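Take a look at the structures below.
Two complexes come next, and they have one chain in common, chain A, joined by chain B in the first and chain C in the second.
So, the complex of A and B:
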């Protein structure tokens, strides 16, 4: 992927945009079309190279990968392994949030605890994924515990730092006013604290999830017995580029689903009070 | 992460203890307390279980590794790969990011692909590159590029979107040539975002380099860590892990954060730039 492909892409899109969308009002349709054009371009370049430059052994064409994916979907392997991975991520993230949120609360409320936890949390966030993966393997052996612990460790600093920042951002005037008007503690937490912390928590969820997902796959590559990381490793050991690409394809599909559908809807619901900004 | 160390300190009065107490609640004191507690727990884990070597054994192994010259040799090789990879990523990522950020059309076409690129874990690239290029320099460098470019592109694109349209209109009306427009309008607006992107890219690229050397190289830091791992000699392995973390933290803290803050100074004044963004700046 060098600059030359970029130029080629640019040229193609200009050509495509000239003849495709005629309707003025269908702005959204045009956008979706352009996104599709992007994917088609990628697939086009890919099939070009796989048919003319490389043997299918090195770079299989897209349709071979699609066939493999279809195969995995039909016999249910894809669902089983994805389910295994998602379960581990959810468990790890939940534990990480349970530990991280109190730490973040402490950090946001007290100067001392902020100083205490700040550096460890930043270092924890800087640790390369490889470290978690191998540590999990050493400490917990092959199995499900390792990935869950790795995800916990990844999620922890995200949740803690974001909650801390959210708590710090709470408007003291609002709290002050609430106490003046004699609102109960519960009311203050529900109507002042939560709306202010929510965006930060959401950001933690979003970026933490992307990170956790990567580390979870990595941990499974090293010492899993199920999940997509494990499957990728199995395909790698058989030197099957088709297999690795097929699982990458599932990965991409899942990420797009989460980003475009799940997180987008969650965002709409949580931030409805902002009035669609 | 215990909650008891506040009570650990003696409550005696007296000038020295008071001084120590005062020092302990200051930022440096608190960080030191955290580090010491961490080391003690680590050493205890060594004493109680037999899976994990403690900090003393690991430090000894690290010193041995430096004395034998393995540290310098492998780091030199890896740094060469890292430099080339990150250099290439910066060039490619900037071009891509400018394209995505300045054109609506390219944003629609390439933006989604970039999102996908952000989401694919480095381990997949590392395995694919090992299968494609075999052992050598190519696989690590390509892995770095593939895992770092999306981060730079996405940040540069955000910078390009922040260019004031009035400036662009003006340079349009005065027929400013593209080269000068690039130098005086686009690059200054983008530079801060670029450095923020480089920070993510360095982190992600470093992870990619380690994985790629672990699976497909016969030298370099990743391979050396694997050497100890395969030999089942945990102190040596953990020494390298410590080197990795130390390197990452030092680069990030001493170099990149400062450069990034400096590049954003025109926007944030002298207030620290970190408060402007939520804590998403620890992507890997």
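So, the complex of A and C:
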């Protein structure tokens, strides 16, 4: 009787392991299906209100916005304006990270520097994006410098505070282990500090980038000569809600692309070791 | 010829209630190719002593000398926890501690993994292994650098009894094969009786209470009658030590009261 039970259990385990890939595939399909249903629901609500409650002049339907986006893609305007915005964000974020990372390193390693920088970083991080946009316009006028400075100021505290936390979280046991085995300072930085800080740096990249995009677009709305924010303002001045929504659509699509495709893949690759048990 | 000489070692920690002596004027020598165990109740300074020997902590006074044929001895340490880099594969964890990253090092690493029976796990992440397997990787890492002196700090204390027994037997085989000079910290008297050539019993306050020579034949098992007799004898002395410590602290308490 025991043998029969064991055989039955073994058969059940084998069947379960054979079914595992099929089950995983079904789960993934279900997840994708749910996401699609969510998007369709959103588009349905939008279509309903644009058809029955508002005129297309006030709230154009999704298909009109999609047509406008297609038109902007075909004539190349979307790429030119996106290029302008991305360039400014990349420059601002790079400067913010270059200044923020060493500050974070100092804060994480020394209590003195932590006390010195913590409050200014918290203040910088809590200033509303709108304030940065307005000040950038007042200080630098209309042009590319204002958005770059605004993005720098948004990115800097995110990077500094996250790197500081990452450095503080480095496991001292791993440093002791490295010391006992005679590893050099360079080895410890490369093999212990950097990988420990990486999740925090990644988190700074993810949230800092999302914030930087919003502030950059806002700054362009007030004082840009190019970029998505500038185009949203231009369409607004022409009372083209379709145009405003088309550019907003590009904005959302780009954020989704960066978040769900680029960053997610990068994260999977860098943090493959977390996928263990 | 790897020997360890500990001379008049003291360690005093500054605490809010005043200085606290953890190691009090300890001197001993560990002979080449011998297996020395440090046993004692919790808080008697075993781990601190090992950390000072390894250079992780500095002594308040006294000295530690580790020599291999007149030169500084090469050291390896097996910690209580495996202390593996979670973002490096098992193989790369072992490569990380190699002084030179050449073919000879790769061969040493492969051999060390084979010896602990985990060659098949070389490409895995540490997080994919069980606690026992991770500790075996920690042991393989220590042996892979071919040290002159091996320090071990309660390496099996976090493991279940069966895994710990298997690893103890494995350690005996490795030690018989390589004959490293070992200093092994444990609070498990049975473990000390099974593995050691010599047992140093530390008393609270960081003094050497007793120096016990172990001459039982190898290989040994915890279940061997001679090992059991030795264990009982050490345990009795351990209990006497604890009783004496309790009496002392009670007397001290009544004097201050």
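Operating definition for what follows: the second predicted complex is superposed on the first by the 249 of 277 C-alpha atoms of A that agree within 3 Å, B and C clash if a C-alpha of one lies under 4 Å from a C-alpha of the other, contacts with A are read in each partner's own complex, and residues count from 1 in each chain.
Note that a residue touches a chain if its C-beta (ideal position, glycine included) is under 8 Å from a C-beta of that chain, and two chains touch if they have at least 3 such contacts.
Values in this document were obtained by computation on a predicted structure and should not be read as measured data.
A.B. asks: Could you say whether A:195 touches chain B, chain C, both of them, or neither, answering first, second, both or neither?
C.D. replies: It touches chain C, and chain B stays clear.
A.B. asks: Using the touch definition from the top, say if A:132 reaches chain B (first), chain C (second), both or neither.
C.D. replies: It touches nothing on chain B or chain C.
A.B. asks: Check whether A:250 is in contact with chain B, with chain C, with both or with neither, and answer first, second, both or neither.
C.D. replies: After superposing on A, A:250 lies clear of both chain B and chain C.
A.B. asks: What is the contact status of A:93 with respect to chain B (first) and chain C (second): first, second, both, or neither?
C.D. replies: The answer is neither, since A:93 touches no partner chain.
A.B. asks: Does chain C touch more residues of chain A than chain B does, or is it the other way round?
C.D. replies: Comparing chain B with chain C, the partner touching more chain A residues is B.
A.B. asks: Of the partners chain B and chain C, which touch A:259 in the superposed model: first, second, both, neither?
C.D. replies: Only chain B is touched by A:259; chain C is not.
A.B. asks: Just chain B (first), just chain C (second), both, or neither: which does A:181 touch?
C.D. replies: second
A.B. asks: Could you please specify the touching residues of chain B with respect to chain A in the complex?
C.D. replies: Where chain B meets chain A, its residues are 1, 6, 25-27, 29-31, 33-35, 38, 51-52, 92, 95-96, 99, 105-106, 108-113, 115-116, 118-124, 127-128, 131-132, 145-146, 149, 203, 206-207, 210-211, 214, 222, 225, 229, 234, 237, 241, 244-245, 248-249, 252, 278-280, 282-284.
A.B. asks: Would you pull the chain A residues touching chain C in the complex into a rising list?
C.D. replies: Residues of chain A touching chain C: 173-174, 176-183, 187, 191-192, 195, 272-277.
A.B. asks: Using the touch definition from the top, list the residues of chain A that touch chain B in their complex.
C.D. replies: Residue positions touching the partner: 1-3, 6, 9-10, 13-14, 17, 31, 34-35, 37-39, 41-42, 58-59, 99, 103, 112-113, 115-120, 122-123, 125-131, 134-135, 138-139, 157-158, 161-162, 165, 199-200, 203-204, 206-207, 210-211, 213-215, 217-218, 221, 229, 232-233, 236, 239, 241, 244-245, 248, 251-252, 255-256, 259.
A.B. asks: In the complex formed with chain A, which residues of chain C make contact?
C.D. replies: 54-56, 75-77, 79, 81, 83, 85-88, 96-97, 99, 124-129, 145, 151
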